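Pasting the structures here.
Two complexes are shown next, each including subunit A; its partner changes from subunit B in the first to subunit C in the second.
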Partner chain A sequence: MPFFLGHEVIAALSPQSRPAWRYSLAFCVGAGLISFWVFVLGVMRLPLTVMVVNIPIFGAAIWLFILRELKKCIKDRNRIQWLGRRVLDFRFWISISVFLNMLFIFVAAYAFQTYAWDSLSYIAFQAKVVFFERSFQYGHGLPHPSAPLGIPLFQFWLNLNLGYWSDYFIQLPFPMFFISLLAVVWSFLKEHVSSRAAWIALFLMLCANLPVYHATIGYADLPLSVYICSAILLVFESVKIQDERLLLIAGLCAALGAWTKLEGVVFLLIVYCLYVFLVWRSQESMRMGKFLKRTMFLGVFFVLVFGVHWIYKQRLGLLIFADRFRMLDLNEAVVRFKSFLLAAAQSLFYLVNWNVNWFLWIAVIVLTPFYKNRLSGYLFIGISLFWLAWSGCFILTNNFQYMTGVLSRAVLQFFPLVAMMNAICLDAFIFEKTGRNGK
Partner chain B sequence: MNSMNPLKYIGIYCGAFFAVGWVCGYNPIAIYMLFPIAIYDPGLNGFELHRLPLQFELSPVLFLAGVYGIGLLVTYGLSAKKANFDFVVLRKNIFIGLICVGSIFMLFQLRGQRHFLKKNVEFDFQKFTIREKLPQMLHFAVRQANSVHEKYPGQALSLQLDMGEDCSQDPCFYVKRALEYYLYPIDVADIRGQNIEGDLTFEEDVLTAKKH
Partner chain C sequence: MRFVKLTILYVLSFFAVAWACGHPPLDLSRELPVALSDISVNRSLIGLLPGGANPFSILVGSFLIGSIVAIFLERNRKAVLQNIVFGLIVLHFVFYFFQIAGLISDLDKDFDVSGWRLVKVGHYWSGPENPKILAERIKLILPRSRMKLDFQSDFPTDKDPYFYLGRSLAYHLYPVDIRGVRSGISDGCLFLDVYGLPGVIPSEYKTVLFLEKGVAVALKEDMALRR
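Right, the complex of A and B next:
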């Protein structure tokens, strides 16, 4: 159902969007919307039963499906090409590694009942409390009461349909989010760069240990990564092909990112900055009214989703941040900056988390004219903005004390952009004359 | 320009891998078995890197740096046909070398995943089932929660959890959180804010459990 709903919503918001976007984002958008729908029902104090929750969702999806011309569903020209079985073809080997990694992810995700720290302490715990109490009023007793409810309410919905609480079934979304992320990265690069770049990016994503492992545990960093990276890529495509309806989907993804983790709010600003940068670079003469309209497209879902959530939590007194965002003394900022640089270097060049991705990234920046490629330049600015946001967060606020512990997970949230930038530059500047598969 | 066959690159880097292993005193089979264990130890905030055992206690990163250095020298030497320095060829070999080392690392990552599943999951192919082997600490929490649920099935009680010591540090803190989660709807974390109906104590020592 999340897949069906997500697909229909994307198709309704942007009928001209590529089928690849619809299929790769369908699950994530559906999951986010379902959890928000459960939240709205809970806020309105309606009974959270299977019928009350599911019938409107299913009805909405069917309604959108009927509204859309059925022919468009069947006419999908971008069918997946079956791979050549040539042993020397690098795509053959990457396909095998995709298969083996997927096998690992599904077995590791579903063989274990939830055991990860954040999942036990608040993500799955919130879902379990809502499942048994059918109410949001018990958030006070849980750690991180201000955390958005995107993932917990989707886990609640899964078990609601199951009819009982399963500690295994709540792991279901995470491998699906990872598959969506791979599909987004692959299909975007295939469309905008080349087939070879898409496969290289797939390889670089899978060769890093941490994202693959995070697809098997119940943490929210990977889902946030899917939403935010999709929003950033959609903004690029929207400006490139001048389809402003795509900005609606980008805005929806960014809003669902903020609905997944609090960091998503700041990341929406990054998406905005990137949008402004693209408009400025495109030298398109845009009237103020048009610019404001597009800006509204990007922000309308955020205001709706996060605004409702924020106001509701504020009314219940659940916006408690436990001193995490207290500003620290500016006089010692230089010392903290040094610590941050050291921690960042240690985290990035830690081979077991990221494989050679960050080494490649440094080599790409130093040795290639990456700025000559519009997309890789755009991704570089995106990555730099993420670093700026996280460095500000760690250097200026009390989050500094958690820096060494959580920095790798912070990097995970924008890691797909790094793999993509590496793949684009390898494709454009290193293998440009020897490739057979480039578009 | 550089026109080396991809197979040559693979051969050179695999050769460099075993050559470095041999120089450091590891035979090819030993290094093949030891590497996945050294690099694949997942943690929630990142993976742990272990040193390779035997005489040198070498870091796998240093080992791979050696492989990269030798591989780069050999591939550059073979692909630069003229005696003078060719930056384009060197640049290409730098990137190809990184990808080759990344691929070798990925092979061990896949083996590490297999090792992880073998260690933590029980496969019964006859009954077509898979079950996790819970680590001791989590096993304690799940077992205790199940026994309490068996005694009070489906009852939304509010109990006081007595962990028997200062429980603000791991592993006790983790066990406490796990118990709060697994025991629910029996509320031991004061989620519902109701009157306490009894105490919950354990006969076993919580700290006999190790950290997961």
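Right, the complex of A and C next:
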């Protein structure tokens, strides 16, 4: 707000001033004006609340902005038409939804101390123990000792720099992860499909309740989603533009996914499967040596990051999974499969976790030739592999007892792929010319 | 222009169906955000509107009606399908605005957005005892910041809400350790909802904090003397 106010005041006072001046002085002028405004309010004995302080400032800045734009419009009549078109532009409305989401996310994440279950139980708790003990020697006494320490140690680092333990500051990473996810999805689709598809995907992502809510609490599912989906997209781009260095970044992302949550280890296999699929589909003649080199690129960081973590925990006897991965009786697998289908249907279609994204996904599969587009076909296989992995985990292992509780969070980890696939196919399908009056 | 018309059609059908179900637009704009703000870490649920109508059925109904009208407006079969899918996105968008309005207004339960300050602590410091407040009260009376306490409760601390309460207390109390993170002998005991207090407190312990609802902190004599 100081920047916006300062910029508009300078532009109003001196319309001919160089933009360099306006941008460089905007913050200083705005900050000075705001502090003087607070002083005036105090002298007048008005309540110093957010509304009383901010609304007049914001209103003044908006008013100056509109005056400036109006003057330009009067000079250039085409701009009036341009403004009219802009309100009809869907990007305008999506921008509003981005603003509303950010408002909710930042208030909900930063106004409250951490309060969510897993965060209090082990993620932030681990960070707090490391912060006060400055040692990992208490691993035995910690809950979920086998869980990777990616998020807790980052929270520890944040408070280490702050100098004291803040229950607010540890919330800092999660909105940032969400913004990163939006940026990854948007920029990738803009580069590889179209600007319109990128905006649609952005909107579909924001419409889903659960990812937005997870951006405000201290759970590790959203960070894992960012890492794994980025790895999958990087693999695609690497094969498409034949830049094997991108595989290193993809491998790094996948490794950091495994460093965030244990599921990330299995997801690395999914990334590998997708890579092999792409190589097979590209029909690029590749020597075994080259293939192995690229495979190594994809796995080197995983071995480094997760290998060290695994060996360290194994030596300390901290790889305790509390019977979670015990194989269940195969004779009852069919019954569990039915329960899984029911829980999945409930999570995807009845609840408003995802808004109507999964309905759209079904519509996309039925109505559009999604397999003809290389990227949407790739995403479809990725989504199928995630379903395969999670169904196997729930049906065959003792994780079945946690299924109804955590299934939606499991879906959250690959949900961005669904939103992207929907956006690509809907963009092609809805805006495809039908031969009626050229539309 | 075709998409503008479709947008108007589906938005109107949404409000028309809601009105037919007994929810005029103004009432709907107040009721629907509340029904769509029931969210937790594992799922987001749809609440019912006053009178028992399910918002999801309004969505489905408006989609059907909008689509029927859209079918009559268009002869080209491919274009009809395009219009219907586009209609789904439009309704998605309408639903979304009520959803985000619900989430933002739900914040007001704890946080006075207009004044930018925390006003109610009970909602998010959830649990029957407001663990954050309890932890701060306990920390105030302890002689050292780093201590180890045993934790005793008559209620099952492996089932919610006491599961959450125990974990939350442990987090907020740390570096006062009640989860056995540090090894060694404990300096005292935290009693939470224990029947018969103070009679159950061992004789070698000295009570340093006694609250209603059977909550007490007792320290070993030597530790209590350091206060």
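We take it that the second predicted complex is superposed on the first by the 347 of 439 C-alpha atoms of A that agree within 3 Å, B and C clash if a C-alpha of one lies under 4 Å from a C-alpha of the other, contacts with A are read in each partner's own complex, and residues count from 1 in each chain.
What we mean here is this: contacts are C-beta pairs under 8 Å (C-beta built on N, C-alpha and C of every residue); 3 or more make two chains touch, one makes a residue touch a chain.
All of these numbers come straight from a predicted model, not from anything done at the bench.
> Could you check whether subunit B and subunit C clash or fit when both are placed on subunit A?
In the superposition, subunit B runs into subunit C.
> Quick check for you: in the superposed arrangement, does A:Ile311 touch first (subunit B), second (subunit C), both or neither?
Neither partner.
> Which holds for A:Ser97: it touches subunit B only (first), subunit C only (second), both, or neither?
The answer is both, since A:Ser97 touches subunit B and subunit C.
> Looking at A:Val50, would you say it contacts subunit B, subunit C, both, or neither? Reply first, second, both or neither.
A:Val50 sits against subunit C, while subunit B stays out of touch.
> Touching A:Ala124 in the superposition: subunit B (first), subunit C (second), both, neither?
Touch partners of A:Ala124: subunit B and subunit C.
> Just subunit B (first), just subunit C (second), both, or neither: which does A:Leu351 touch?
both
> Using the superposition described at the top, list the residues of subunit A that contact subunit B and also contact subunit C.
88, 97, 100-101, 104, 107-108, 111-113, 115-118, 120-121, 124-125, 128-129, 132-133, 138, 141-142, 203-204, 206-207, 209-210, 212-213, 217, 219, 347, 350-353, 355-356, 359-360, 363, 367, 405-406, 408-409, 426, 430, 434.
> Subunit A touches which residues of subunit C in the complex?
Residue positions touching the partner: 2, 4, 36, 39, 41-46, 56, 59, 76, 78-79, 81-82, 85-86, 88-89, 91-93, 95-97, 99-100, 103-104, 107, 110-111, 113-116, 118, 124-126, 132, 146, 164, 167-168, 170-171, 174-175, 179-183.
> Please give the residue numbers of subunit B that touch subunit A in the complex, ascending.
1-3, 6-7, 39-40, 42, 44-49, 60-61, 64, 91-92, 94-96, 98-99, 101-103, 105-106, 109-110, 113-114, 116-117, 120-121, 130-132, 134, 138, 142, 156, 174, 177-178, 180-182, 184-185, 189-193, 212
> Which residues of subunit A touch subunit B once you look at their complex with the stated criterion?
Touching subunit B: residues 88, 90, 97, 100-101, 104, 107-108, 110-118, 120-121, 124-125, 128-129, 132-133, 138, 140-142, 167, 203-204, 206-207, 209-210, 212-213, 217, 219, 347, 350-353, 355-357, 359-360, 363, 367-368, 405-406, 408-409, 426, 430, 433-434 of subunit A.
> Using the touch definition up top, name the residues of subunit A that touch subunit C in the complex.
That would be residues 49-51, 88, 93, 97, 100-101, 103-104, 107-108, 111-113, 115-118, 120-121, 124-125, 128-129, 132-133, 138, 141-143, 200, 203-204, 206-207, 209-210, 212-214, 217, 219, 347, 350-353, 355-356, 359-360, 363, 367, 405-406, 408-409, 426, 429-430, 432, 434-436, 439 of subunit A.
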